[in-house]
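Note that the chains take the letters A, B, C and D in the order they are written out, and that residue 1 is the start of every chain.
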């Protein structure tokens, strides 16, 4: 068993990763609650945003700040467009179908990304915040990591507050409980849903930007990082934002703190899967019967 | 014969069944009551979807409540649902046969039993027809056929006539009336259509807020003042 | 229920079918525009003054000579720069008289590291397309899957190798050293720079022990402890991997990276996040030798990363080959997305080798028999990209260079000269003996 | 939405039999062609690709059983295929079992594993089941990456990391050593598997699955032990997929861990949807989409990324407009077209005859 000092450096790494996962996790949960769509293309959307930012900086020599904003906006707009077309078409369908459709979107984006940004080129996206930093004990921390965690916390708290106090937020929560009744209460369902799509898309873009810097700017890697997010969202049973945040942080930490333990270090990638499966089966609880037909409908 | 004693169901504060006590001897028995009186909950207890917090159910001497739900069909319990549940992608024959497969009856008797059941309900279409292509009336009849195949002992019909025009309801009524005699099973019929109930049921029990407020010969029960009161104010639309 | 759905579908009609029609149209159009031309890319437009092949300046118009190549192209791993650069050189040759009037046509098949797919593609090239030779391949498992098939077909393959079989089959001749011997070089450099301990990290894919074998012997020879790590490249977190490596190497230690450029970059980026540039000596196998990586890392990595480069650096070497390479890359290398770097240098040299062999065929009859004989007979090929003349053999490239990043480009480490791979690695010893015996 | 949902009563009564007869003829003809003629007609490249396509038809078939019949969506079939490949390779290296026995045993072992995996997953349903299987696929992926596929080494893992020369190859049946012969062999095995599944679908389990998919409570009330029959479906799908995995190992003589990325499970799901999960023909269409289309792109010099894009768009299209998939839509569209042309022909030549 390695010494405490060799664990320390992995704490900021884990926290930063966790913060980024929390960011997209919150977006994912909010969207699911408002529209019943579990967006599995979250990672792909963020990845494409980050790649666009890369092209703007390296090919068109746009100032970094503009590119970063573009990345986040791209996430919002693309998600909104998808929501306006397929979100509505599939509104009446089973959550399973809605989620499966987003897998289609993920594949579509993955293909497009590999086409437009072939892996022959090695890419990287560095935020200015990488340069500054400070040390805590054995651990070096740079501002990007701080931002990741801070942003994660801020977004979780902010969104939770937003859902509580604002009119739009209340409408979203109402939608999550019962859309028919909410509609009859005269809530502009479509506008509320649009807001949810756009907002969650912005978070996807932001998360993509952070992960591209903290992790790596590779379309496939970023696309499938969504599994970490899904895992966190599942542990929160697709409801509680706070639990999503905590779960994301825990996943990030566990995944990293296992690293120095040589005996199991290579199996650390199983962290999100194992945690999510355990959580799901634990929460599965008693079966309640639905008269709905099973499968794709 | 089925005896229900102090059957109580609790969902948190709500009490859909409150010490329900009633006995159905034989033949076709009605179970009526305003919406939310607990009729369907009672059926769900019998078929095992709801676990009662107290009380007992003895059917032909056996304790139903201790059996796992899928065993009860083997025992001889049949049930239809308010929303018809005939399987769309299977043919009429297969629909009925799949019930038979999970009954006590032997494989050898299957074909004759199934065709017999389809015959019994007087379904106008061929047994190879896919149920997905049938009209509501025919689907309802298929459901009844499913309920009577394989020597059932207890048949629960939950609003079998829902959404049927009178003429067809009448035909359905005749079929239901014939079940006890020809199939030799006890039938419990839940329906809001009083004509159907009085046409089919010798005896009838009335549930209101989970309590049996009246039971006996259908005619008397329907004249009972408590029953009138229970129904007044709650407009019954089928 | 049926009707209801049917209605829904009708209602969906206009709203959904239209987007799909648009998407389909867009996709089809883009394919036509971008891809359909892929096979016949880069027609032979005249290029005066480029000494490619015969260097006549006249476009070749004869019956084309079909050369095959297989290369990996998938998310995260794409080596097509190598065949593409070879093809760029072929275009240049075709614009300058070709092979006595015959243009060279490249038949490139890409794969996603699926064994059955590679087996099928090798058969497609040889038995269906009837290529007369295979030159410019670069794939992760091509040698492993197909070397026995090539042997059976008597095809002598010119490639940039990775798998172990590329260096043991008599029918394969690589221009590069591959992960094992390049890692050997990186380890030697680390030891030369006084590493107290070595942490050797690579992707967790088959052949890890083979890749690590040489370094193990070299470290043992110098009594330096060495620890072997592996990463799951598919889901790597750079910072995590970097910290792990630095901890394994310990103070005064060195890290040897054996990864594809994207993964290596991810790790070095991670090191940057944690400010680990100065904690250890960073060394890397050949894939790190690309200006893109140097550029991406920025000046904080100046002289902090020692790369074992299997090919000479083109910046401070003004030699004829380097100049031509840059010109060809500029004029014909539009498909070489990676730009300047070891990969495109491999492709360039492979192109030169193929052309040299083809031009050496006296009969000027270009069949699988003659071409492969010519490939097999290649020897004494001098280029300023390589320390020693190249010949068709198991490991012809066994002495190479060392580079490091400097302000966005890779530079030869001053006075580092040519680094012979240590012959404690048995294969190297055999090769040296062979070279001595045959005087190549 | 069930397949038969839109057939008219009459058509069903008369048509059903005819339809089956037709299918029968087509299948027999197809198999005879695939076994006798196909291998000699195809170039070596397409022989190999056809073999792989047939193998993947089995994977799609398994997905069809789960999703189409029972309504269980598994995003982990790629991982199950990898398991089958691992087990098959290990058996073929470690034992001298006759080939058919070996692949059947591989199928059975995979079946046990797949069912054990399915068992906990059955506690959740719908979306959650899909996500659990996705997670499990990821987990299996990690384990396989860290243990690697057997390549003739010693011990339980049978993995030798210091390979020298060409890797010892996963054996094929002696009667099917060559590629064309192995294609024939594969077609036969695939046929057997399809028959096995067909027997299930037409039999008691098939009816029980239909009941479960329609409504679990109704199925329970009908006396169906829902848990058992769901597990049965997982077992059948895993068995078929396991056999596919064993064949896959033999087809290329070697398996690598980076051959089964998580993305493959998702692509498999997408093509299964596109092909159609409610008919067994769908499995064949799916296999064609999965293997043949990308191979065509490769020889045409079209980037493989277009295949990924195609699958993404296809999945979206199927989910939004044609839940029954191509195998269901195509014949109907053709029939429509036929009727149209027939009608035109009649109008052109109004030489009596009774109205259509």
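Note that in this section a residue touches a chain if its C-beta (ideal position, glycine included) is under 8 Å from a C-beta of that chain, and two chains touch if they have at least 3 such contacts.
Keep in mind that this is a model prediction, so the values were computed, not measured.
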{"item": "Centroid-based (C-alpha) most distant chain relative to chain B", "value": "C"}
{"item": "A-D or A-C - the one linked by more C-beta pairs in contact", "value": "A-D"}
{"item": "Distance between the centres, which are taken as Cα means, of chain C and chain A, whole angstrom", "value": "35"}
{"item": "Centre-of-Cα separation between chain D and chain A, whole angstrom", "value": "32"}
{"item": "Chain centre separation (chain B, chain C; CA means) in Å", "value": "75"}
{"item": "Separation of chain A from chain B, taking each centre as the mean of its C-alpha atoms, in whole Å", "value": "50"}
{"item": "Where chain A touches two or more other chains at once, by residue number", "value": "89, 110, 114-115, 220, 224, 266, 269, 289, 291"}
{"item": "Residues within chain B bordering two or more other chains", "value": "49, 81, 85, 88, 132"}
{"item": "Numbers and ranges of chain C residues touching at least 2 other chains", "value": "1-2, 12, 16, 73-75, 204, 232, 234"}
{"item": "Touching residues (chain side chain D, partner chain C) in the complex", "value": "1, 5-6, 43-49, 51-52, 142, 145-146, 148-149, 151, 161-167, 248, 251-259, 261, 263, 295, 298-304, 306, 309-310, 313, 316-317, 320-321"}
{"item": "Chain D residues touching chain B - in the complex, by the definition given at the top", "value": "2-9, 12-13, 16-17, 204, 207-208, 210-211, 214-215, 217-218, 220-226, 278"}
{"item": "Contacting residues of chain D [partner chain A, same complex]", "value": "1, 67-68, 70-73, 75, 120, 123-128, 130-132, 134-136, 138-139, 142-143, 146, 212-218, 220, 261-263, 266-267, 269-270, 273, 277, 303, 305-316, 319-320, 323"}
{"item": "Of all residues in chain A, those that touch chain C in their complex", "value": "2, 6, 9-10, 13, 16-17, 85, 88-89, 92, 110, 114-115, 118-124, 126, 130, 133, 140, 142, 144-145, 213-216, 218-221, 224-225, 255-256, 259-260, 265-266, 269"}
{"item": "Chain D-touching residues of chain C, taken from the complex the two chains share", "value": "1-2, 5-6, 9, 12, 16-17, 20, 23-24, 27, 31, 35-36, 38-39, 73-75, 108-117, 119-121, 123-124, 127-128, 141, 144-145, 147-148, 164-165, 168-169, 204-210, 213, 232, 234"}
